[in-house]
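Two complexes, one shared chain (chain A), two partners (chain B, chain C).
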Partner chain A sequence: MSDTTNITLDNVSRFYGEVLGVNRVTLSIPPGITSLVGPNGSGKTTLMNLMTGLVRPTYGRISVLGIVPSEPQKLFRLVGYSTQFDSFPRGLTGFQFIQSFLRFFGCSSATSGELASKAIAQVGLTDAATRKIVAYSKGMRQRIKLAQAIAHDPKVLVLDEPLNGLDPLVRAETIALFRRWADEGRHVIVSSHVLHEVDLISDRVILLTGGYVVAEGQIHGVRTEIQEHPMQILIRCDRPGALAARVFEQEHVVAAQVLPDGGGLLVQTRDADRFYRQLNHLALDNIQIEAVAPADDNVNSVYQYLVGGEEASQ
Partner chain B sequence: MNPSQWAQIFAIVRLEIWKTFFSRRGLWIYLFALTPVLLFTANSIYAPREQARLARIAESHPRVLTNLTAITPGMSNSVVVEKLGEPYAKRSWHHRVEHGRAFEHARYQYTDGKSDFTFWFFNGQVRHIERSDPQTLPQNILIFATIFRFYFLRLAVLFGCVGIFTNLFRGEMLDKSLHFYLLTPVRREILLAGKFLAGLLATMVIFTASVALQWVALLWQFPHAAVAGYFAEPTAAHLLPYLGVTVLACAAYGSVFLCAGLLFRNPIVPAAVVLLWESANLFLPATLQKLGIIYYLQSLCPLAAAPDSSMPVPLTLLISATPAAPAPVALACLLFFTLAVLVYSGFRSRKLEINYSTD
Partner chain C sequence: MAVHKHTYKDYTGPRTPVWSRFLVLARFGFARVFHLKFLLLFIIGCLFYPLVCAAYIYLSHNPAFLALFNIPADRLPHVDGRFFYFYSIVQGALAYLLTAFVGPVLVTPDFANGAMPLYFSRPFSRGEYVAGRISVLLTLLSLITWIPGLVLFAIQSSIEGWSWMTGNLWLAGAIVFGLLVWIIVLALIGLALSAWVKWKIGAGALVLGVIFAGAGFGTAINSLMRTNYGALIDLTQVAHTIWSYLFRYDTGTEMSVSSAWIVLAVISLACLWLLIRRIRPFEVVK
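Let's look at the complex of A and B:
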């Protein structure tokens, strides 16, 4: 548990009375963007609250870059947390909110003001900085929380549903911001139930359902491990019928279906790696292959395979 | 504690104090604190006017005090009028009961220009005499001492501390804004200390200001010479000890209710228990009295407010007259108690969690 580069959870469980929050979670999260994915109530927020010490584990141990969450005086010098909670201390403007927060880090009035302005500018709220938070829209509140999380330049960013309420333009800017932070070697932990966004931004995902981690890792790797659901591979080619006949001879290919537009083939295989290796050989006899792409190793498909279509659609 | 922790405490106090003073939920605390000020102010306005009125009446109906005090119960109204002349105010009425029998009631009022005498007649005879003398400073200070003990400490300060200190944690749990502090690099014990100091500062300002204003209102009606004369006496009760007791009350009750706000989802229940315990203190056996904060606070009060002579006898019998604790002992007990509760709260604050959904 003295890992000073990763966030580690060792057999962590949290119960709220008899209600399960998360159960037997063991993770080691390296720098980069890690998404916690799961429907409402799956344990994403509990996991984030556990990492930041807002709730304590019933069992197990947690370490954030070697620091235990029960030492907030050390932890929050490294960690910035944008929570899902939408309440703020009363009567403060956006600028005052960030500045007051920075005063707890021992910053002088001038330094905290400077850092607050910088953080507010990063989330594009400079024009609204002197307005009271109570008058902010949901998207603005989301951004001011983001500014609070980044204001002290933390190494670990924990962001609970950070894209909620943001308009498409700001969403794109925010995702770019996450990317930049991750490229700087920080940990960016993001929770979301909007799966296509997770696909866009994540280096790795942690899939949760009912308080359990059902899969974790790079999304492609997670997908490959799901043996009971054959992988779907989309092939764009000029003679899909001929290719279908040849690929179907392979024992690991479960199905091969010509696309309705006649310009390609959807193959289902139990061994994607083998299929890719064999594809050039199969495509002899003047079959022109224009493109090959996995059709279902996105988070949505993985999630549907793991926890069922009903939950994934939430 | 290092300078950075002091800076964190200062940052907490700065954020909390504003909320505490100007919270709409706390308006009733000002009402509790200012009620005695209003009463003393009203009295200070009323008393000189009443004196002037009696002096004006005495000019047109001059009476001598010795004649007025010579009237005793049983005298007839004709004798009273013969000795004193016609009253400056007179009222009579009949009270009829069954069998057509009627009783006659009357009220005659006289004054010598300073004291006001009211003679109550029943069927033509003096039954009861009321005498209202000009107010004196020692009398008023005794009234202050009684109000301070039985209203101010037991109700105003206690309820004020409930309102302010329980909300420091519980109020923010209900507002769902406590996580703001828990996301900062502040030890939970430092957070607790900052919040306690903010609450203490707020209650101290509100309640010591109230005590000071009560004294201003109380002294206002008396001439400067009378005030100077009173305070020249070695036994005079001074303002400073009352301010000190108020601060200690805010600290002791504050620590209890801060702890209650931290431990209980509904701190009104422990607050009611403390209120009940502190109110019952007067009637508890000596040993149990010493388990109440109020006992030590009262021990430090400069004036003992004895049970009033008009108090019903059964009630006076119930009152347990426990000797006051020596001042150093009372002071040490209060400080130790406050510190112990704060240390315990600090220990419990380490386990503080954000779980808004259950609040």
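Let's look at the complex of A and C:
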């Protein structure tokens, strides 16, 4: 457990009485953006609370860059946490909120002020910094929560549904911020329900359901390993019928469907890599291919295949 | 892999000592208390009786004043264990009221606003949270109990002289120890009960209710069962027993001193248990 570069969970379980929070989770999370994806009650928040020491594991061990979460003095110098729920002291302005909580990190009044201003500027709230939080909109509250998590310049950011309530423009800016932090070598752990955004921002995903990790890794890798659902590949071409006849000769192709507009083909294959390699040979017969793209190589599909089935059966 | 460069640099500036972090919470606690004018006035009002006592000590040693009103000095009550026993009863009762007012102000907003995850996602422990909050209560309660008590002792010593002071040094110890134990128990009760009730007024009523309900039930048990064990749940009886022992003033209480100490220890442990159960960074929603 002396891994000082990754966040590691070793066979971690957490039960709330008889209710399962997470069960037998073993993970090693490197720097970059990692998204926790799963339905409500799947254990995303519990996993984040475990990483930040707010909840202690019933079994197993956790280490955040080599630090045990039971040592808040060491841990929270490295970790910034933005919880899912709004909880703000009454009567404080955005600036006072950030500054006052920075004092717990041992910063002097002047340093707290500087760091608070910097964090507020990063989330684009400088103009509203002197207004009371109670008058903030949902999106502004999200951003001030984000600011309190980043104010002490942490190396690990744990953000529980940070994109909720943000308008598209701020969403894009926030995602760019995540990317910048990740590129600096930080760990950015995000939970989200907005799957297309997860797809867009994540270096890797951790898919949870019912307290279990059902998949983890890069999306493409996870998708490739789902054997029971053949990969879907969309091919835009001028003669989809001819191409369909050629692709059916391949034993790994299980279905080929001409698109309703007649401008392409949707192929299902058990071996996408092999299909891509063979595609040039398949298209030799004067078939003009305009575009080739995976149709279900994304978080949404992975989520549907791994979690959707379970949800439906419940 | 998206990460190529590790350009992140940690904050390396100066930090305040770790041991002093709980004072951040205490500072905000004082601000919250002094923001309420009623509490400020009540704290000032709590110093009225010590002021009367100080005036009494001074005037009872002032021959000109005694002569003016023709008061014989030997007929005035002495400043002794009995004097400080009654001082403790008055200030101890006021301390209880202050706890009922201040305890909920310090703690209930944190629970009502769900602030625990905010505190504990900082380099800040549960122990430091309790220390931060209890230090506010202990400071305020000290200001109206043992500190003015010691000032009274100092005034009496300065008037009576060195020999009186050395001969009655145990009184100073009894003032500090007896009232310190009392305010620690009160602070624990105030925090523990406030942590369990998210409504400020309800929490205050509960803190007050403990003493009245205890006294009422204690009397009822004694009457119905024809025993003295009911006094064990009467916190006022417990405190009076300990103070009468410490100030060497026999009040004829039927409770043993050891029983009183045990009751205080049990109450303190129960309050600590309640605090440990409640002061958590998350809330399990059932």
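Rule of thumb we're sticking to: the second predicted complex is superposed on the first by the 308 of 314 C-alpha atoms of A that agree within 3 Å, B and C clash if a C-alpha of one lies under 4 Å from a C-alpha of the other, contacts with A are read in each partner's own complex, and residues count from 1 in each chain.
By definition in this document, a contact is a pair of C-beta atoms (placed from the backbone, for glycine too) under 8 Å apart; a residue touches a chain by one contact, two chains touch by 3 or more.
Being a predicted model, the structure only gives us computed values, none of them experimental.
Q: What does the overlay on chain A give for chain B and chain C, a clash or a fit?
A: Overlaying the two complexes on chain A (C-alpha atoms) leaves chain C and chain B clashing.
Q: Taking the superposition on A as described, I'd like to know which of chain B and chain C A:G241 touches: first, second, both or neither.
A: Neither partner.
Q: Could you look at A:P72 and tell me whether it touches chain B, chain C, both or neither (first, second, both, neither)?
A: Both partners, chain B and chain C.
Q: Please determine whether it is chain B or chain C that touches the greater number of chain A residues.
A: It is C that touches the greater number of chain A residues.
Q: Thinking of the overlay built on chain A, is A:F85 touched by chain B (first), by chain C (second), by both, or by neither?
A: Both partners.
Q: Please indicate which partner A:R186 is in contact with in the superposed arrangement: first for chain B, second for chain C, both, or neither.
A: Touch status of A:R186: second partner only.
Q: Given the touch rule stated above, what does A:P31 touch, chain B (first), chain C (second), both, or neither?
A: Only chain C; A:P31 stays clear of chain B.
Q: Identify the partner contact of A:R56: answer first if only chain B is touched, second if only chain C is, both if each is, neither if none is.
A: The first partner, chain B, only.
Q: After the superposition on A, what does A:D203 contact: first (chain B), second (chain C), both or neither?
A: After superposition on chain A, A:D203 lies in contact with chain C alone.
Q: Could you say whether A:D153 touches chain B, chain C, both of them, or neither, answering first, second, both or neither?
A: Only chain C is touched by A:D153; chain B is not.
Q: Of the listed segments of chain B (80-88, 98-106 or 152-160), which one clashes with chain C in the superposed model?
A: Only 152-160 shows clashing C-alpha atoms.
Q: Between chain B and chain C, which residues of chain A are contacted by each of them?
A: On chain A, the residues that contact chain B in one structure and chain C in the other are 16, 49, 52-55, 72-77, 80-81, 83, 85, 87-90, 100-101, 103-106, 148.
Q: Which residues, counting only chain A, touch chain B once they are in their complex?
A: Those in contact with chain B are residues 16, 49, 52-56, 70, 72-77, 80-81, 83, 85-91, 100-101, 103-106, 148.
Q: Where on chain C does chain A make contact in their complex?
A: Within the complex, chain C touches chain A at residues 1-11, 13-18, 21, 24, 28, 109, 113-115, 117-125, 281-282, 284.
Q: Which of the residues in chain A end up touching chain C in this complex?
A: 16-17, 30-33, 49, 52-55, 72-81, 83, 85, 87-90, 100-101, 103-108, 111, 115, 148-149, 152-153, 155, 179, 182-186, 203
Q: Considering the complex alone, what residue numbers of chain B touch chain A?
A: 4, 7-8, 11, 14-15, 18-19, 175-177, 179-180, 182-188, 190, 350-351, 353-356, 358
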